[in-house]
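As structure tokens, here come the structures.
Same chain, two partners: subunit A is paired with subunit B first, then with subunit C.
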Partner chain A sequence: MISHLRTMWLVFIHLFKKKVTIEYPEKRVELPPRWRGRIVLTKDPDGGERCVGCYLCAAACPVDCIALQATETEEGRRYPEFFRINFSRCIFCGYCEEACPTYAIQLIPDFEMAEYKRQDLVYEKEDLLINSQGKYPGYNFYNVAGLDAGVKEKGKGKDEEKPVDVKSLLP
Partner chain B sequence: MTVMQHIWIVLGVLFVFLNIAAGLIWVERRLLAMWQDRLGPNRAGPLGLFIVLADTLKLFFKEDWIPPFADKWVFILAPAIVVASVLMGLAIVPFAPGIVVADLNVGLMFFLAMSSLGVYSIVLGGWASNNKYSLLGALRGASQMIAYEVFMGLSLMGVVMLSKSFNLTDIVAAQENMWFIVTQPVGFVIFFIAGLAETHRLPFDIPEAESELIAGFHSEYSGMKFGMFFIGEYLGISLISAMTVTLFFGGWLGPAFLPPVVWFFLKTFVFIGIFILMRASLPRPRYDQLIGYGWKLLLPLVLLNLLVTGAIALWLRS
Partner chain C sequence: MPTIYIDNKPFDVKAGKNLLEACLSLGLDLPYFCWHPAMGSIGACRQCAIKVFKDEEDTRGRIVMSCMEGVKDGMRISVEDAAAKAFRSQVVEWLMTNHPHDCPVCDEGGSCHLQDITVMTGHNYRRYEFKKRTYPNQYLGPLINHEMNRCIQCYRCVRYYRDYAGGKDLNVFAAHNHVYFGREKDGVLQSPFSGNLVEVCPTGVFTDKTLKEHYTRKWDLTNAPTVCQHCSLGCNTISGERYGKLRNVVNRYNSEVNGYFLCDKGRFGYEFVNSENRITQPLIRNRTVEAAGHDAVMQHVRTLVSGHTLIGIGSPRASLESNFALMELVGKENFYQGITDDLVYIEQKIVDILQSGTIHTPSLKEIEQADAVLVLGEDIWNTAPVMALAVRQSVMKTAATHSTEQVPLPAWHDNAVKELVQEDKGFLANITLLPSPLDEISTATMKAAPDDIARLGFAIAHLLNPSLPEVPNASEALISHASNISKALQQAKHPVIITGTSCWSNALIRAAFDIAAALDMNEKKAGLAFVMQECNSMGLAMMRASSFDRVVANVRNAANVTAIILENDLYRYIPAAEVDAFFSKCKNIIVLDTLHNRTTEKAHVLIPAATFAEGDGTFVNNEARAQRSSQVFMPANKEIKESFKWLSDIKSSRTITANGHDKHPDDLMLALESKLPQFAGVSRVAPPHDYRVHGARIPRESHRYSGRTAMLANLSVSEPQPLQDDDSSLSYTMEGYRGMPPSPLIPFFWSPGWNSCQSVNKYQQETGGSLKGGDPGVRLFEQTTAAPVFSKDIPDAFAPRPGKWMLLPQYHLFGSGELSIYTKGIASLSPEPYISLSKRDAETSRLNNGDPVSVKTNGKTYAFPLSINESLPDGIMLLPAGLTGLEAQDWGAWVNISTVIV
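Our next item is the complex of A and B:
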């Protein structure tokens, strides 16, 4: 009996405690910077697309919501011809971001993606591509890659050795 | 009093209590939310009050389905009984001097009879649903309400002894000097527990028991038939609160700076709040615990209370 009355009193004083509800449209939730929300494709510092169309994100995706088709420029720089993410399938696990070798695909703290039609949840490349470097400013894949795709010549990168002349026997 | 005055009182009581019962939808949700550190419905209208309208409209527009395997007429009758019996019970509650629908000389007995009739709605509803969970709920409801009916009446006999009347107006008048909560604390506690069981509210919602019986006796009900059970439950809370106030807390009596009716409803709302607080804080006992608690603890206690009250009343008279 006493314990019941004590329980009732303890519940009653919660009337004067601070409420945990955040009244959403007026007040916003504070999302941490690494929060896994909407997926974007980021760009190089020079404004080129980071994505090289390696299909690793599509392979890593556990629900197969990413579809892309790789192609190449004349300089030999790979990029996706189309890049499609079906957000009605996406589970925001972030595996695509982990798999990406060029930091191109990133998850950002945004969850307000509601649509009236399901088809509108399928995002094409122009919807995904943002004019920003995302979480890795200053990073350009072709600065550290061995390939000359118009960013730097072969062997000119930082800590990069000159290309080996395979036809010479000298070391 | 003229006939017109009587009709106005009847309509007034109906209007006020049906509105209280509907308003309790909002009150209960807000209070439960507050006690769980949430805010509760606060969007529709001022303070979220229009949730009452939204909920009622929703109930009206839901499909009013009678299962093909149900006993049709009994199925329809059951929800009406609960509302009717509780509303009949409200007829004898004196809200203020002169404001009472029926000033019966056996008012208390009438109240007990009407609250007992409420069990029929559970039993018939559960039986007519033709569903094993509903039947189990109905069985539980019947045994619970019979068990608690016994000492609900007995717990009030102390009050009757002290006030020497079954008439509720006289009982309130007898509390002019001292509320019966002072002289009958055990009676009050037992009446309140029995009242909880009578309205089958949490923690005594054994006939419904969402987690075991899937809403129990009203699993098969939908639309406004379910709404009637819903309203009946809230009306039951109001009735038990009003009766607690009348019998133990001096009814309309109170300092003169507020009119008697206001005092009555203030006190009633405190008890409605306690009903909701009990829902927010106490877990449901097991079925056998509930029945054992009733027969083995509360019944002897109430008989003892009656004995002591009678002895003291005799001693004071001699």
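Our next item is the complex of A and C:
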């Protein structure tokens, strides 16, 4: 008997507590910036594609839902010829973001990706690429990578000496 | 066998090895950079440090470089010692102070020795805060990419390029911490073995430029063991595919054949598989809609093959399976080789010699170990490049052995041995028509016409065995050459004679055989190696079918002829007039091939065949070693099938007894063995298609293969079933047996912690030795005790004819190949057609270099610029063989310059 009354009392006082549910979609959920949702490809501060087609995201992906093909501009800058994520397989684990050496692939706090057809969950590069630097503003991989791919000349990067003069014998 | 104690555990190791080799052979993980099993140790990188203890009581020990310390019985060493480990980790940390942060865009990444070793030593965080050194790069040609920032100064590249391969244009420049590995100035690397730099370099300084065009990481490739298609040596390769395109070819170690190295033609000549010129659809010509499906074309072919006289033309570049399937379809008497009578005659002679068992034919490894080599007529630099590399090793190794007999030095002690050897060379006599880069290391050279080379051979044979006839009217020069060479051959313990078919002279073959047999009778272990023209020339010759000339004679009076031509561009082997005459006699022409060419243009029915990468096949190399090449990928286009499958389908559609099942390549090999006993043993070339290890197949894909659920998602989001390969025990998945597969089925070299090609150490019985379970391939002929039959027919000396020239081919490594020319880089290195005459001949005809010269042969006139060749014997005219647009010539015929346009 006491147990019954206690239960009713508990239910009653919940009427005056703050709601844990929200009226989605009228009200939007507030997500922390590091929440792992939709995957995007970002751009560097110069507006160039950050992705260099290194295949590390694809290798890290536990469900193998990333496929890409690297190619090069005439200056030697690598970029993906195609970049495909099959979101019907993606588990949003964020390993791809962790593996990405250029901060190109990032998971953003957007989860509203539902589709009526599963085929529509296959995202190509044009669906993934955003015109933003995402969470890591100011980073350009080619400034620290050593090689000359049209972004900076050899020796002009961060912590680089100017190219060796092969003919010099000076110490 | 000495016993050494590694971390207090006793191990039996091989005497004469160094500690690094001993540790690696025992399966221990010991990092190294500068040591290479084919090149020995120099102790430059300081990476393989271990501790050596004086005796059991010694607890302090001293750090040594394991690659510079020989194995001694009772030795106590430690790999796991804390000081040694710290030393190794510091060496890597120091190397990494200047290594750029560019692994994501480096083509070596994922198959990088530097990455493996860095992880192995445990170095992970950068402590050095100062700037990194940078270098300018160089243009090194269309095949090799240079990114000098990545260099770790191990000196492997120059040691390989200069010391091992004999190249001159790559060197080390500058001083102290500025050393630079490159050319004196930008330019194409001259050595035809430069592609091996890609595998020799432990980092990404030298990378494959053809792979860069369609870059894929090693872990993403679908790999399979294949056999190189570009010459008769049958080098073992690993080919990788991704998204339906062949991506790269790397070396597959086989201690008996190619060892660690390939030539550039073999490594880069794969792009024909991806060519736009591929035949992708069965065609029935002279119809409004020529393209036909599989069933339509089979139905049409059925009407063409019934009630007609069937003629089958085989191919020296098609697999044994396909040639045999064609022979089974048309009958043995109607099966012909698609090459000229002259060549069939020479090749038959070679097969007779090998089959008789009177002489041993050496593998490339045995050529490397020979102590005297005589090259008789064959331009091996261009027709069998890896053999030229083996000959170079024989010359170098013989000199080293001579020197170390006097001063005891271990063979692996590379710098010390070089210091001792100085300019000493082993014996090589390079007797050819034209100068070759091998001349530089030759003791004796002579440039002469094929008949004169044969006469020199007979003169040597006479000196070795005086019961053989003397060469009539021999000049003094010839006799002095012969006596020099015969003396050197007699002093040798394992002399090797090399000859081949590229001079189109059967006297050369006989002369070479006489020398080898005479040496063999003098209690030497002499070897006789032949170079053939195509990857399966030996296999086709062993089938002992008649020549093309014979088929032309046989169809002359036949009516209703249907010819089936298997993967053979007849216009490359046979003068056009003869081919046209044959085609005009054929009512129906069915051609199976991979690429469109002049022969496929003539086809009434054209059937798309699979290339080596898209099908299984067995190829017989120049030493009659049968080797299996496995399917790398299944073409998405289902119309492309191996020729033997098409031919078996045609055969079963003719006979009612067929049960409709596909024939496996191993079934065909068993049938071939029973039909043609000279092929006994060929079915053992690879495990049968139903072979399994613990019930599992061997995966073609690495365990890190990516994109499985996305690569085809653009077509359909539902993943298809994995492809089923019924013809071999390799699978098209990531699942399966991950242990050591049988050696003919190794799809790629990989071992935990060893992602680069250096992981081959784990697959070998000992470093630099044969693969575990024996090297792949079955030698079909072995030496017996049969007595040799000497040839007594000596040709007359070559005499130039006034106003006439003997037409002979000149082969070019880049350019003469039918398939390799589809690689853009190789095509750009191919020469333009020319006509070559000797200096005196040009002077008498009042011609200068570059003058247009017309020559009439086979009723056709060719006009090309003249190229004066100072070393060419008089009376001989050279045309480059097999260049695109150049037809087959009547090699050995006499031609005249019909018109000279001044």
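The rule we apply is simple: the second predicted complex is superposed on the first by the 158 of 171 C-alpha atoms of A that agree within 3 Å, B and C clash if a C-alpha of one lies under 4 Å from a C-alpha of the other, contacts with A are read in each partner's own complex, and residues count from 1 in each chain.
To be clear about the criterion, contacts are C-beta pairs under 8 Å (C-beta built on N, C-alpha and C of every residue); 3 or more make two chains touch, one makes a residue touch a chain.
Please read all numbers here as calculations on a predicted model, not as lab measurements.
Judged by the touch definition given at the top, the superposed model places A:Lys19 against subunit B, while subunit C stays out of reach.
In the superposition on chain A, contact of A:Lys27 is made with neither subunit B nor subunit C.
When both complexes are overlaid on chain A, the residue A:Val11 reaches subunit B alone and has no touch with subunit C.
In the overlay built on the shared chain, the residue A:Glu124 is in contact with subunit C alone; subunit B does not reach it. Looking at the superposed arrangement, the partner reaching more residues of subunit A, out of subunit B and subunit C, is C. Common to the subunit B and subunit C contact sets on subunit A is no residue at all.
Every residue of subunit A that touches subunit C in the complex is listed here, in rising order: 52-56, 58-59, 61, 63-72, 78, 84-86, 88-89, 101-102, 118-119, 121-122, 124, 141, 144-149, 154-155, 159-169, 171.
By the touch criterion given at the top, residues 34-39, 277-278, 280-282 of subunit B touch subunit A in their complex.
For subunit A in complex with subunit B, the residues that touch the partner chain are 4, 7-8, 10-12, 14-15, 17-21, 23.
Of all residues in subunit C, those touching subunit A in their complex are 100-105, 109-110, 130-137, 147, 149, 173-176, 178, 180, 212, 214-217, 219-220, 243, 704-711, 713-714, 716-718.
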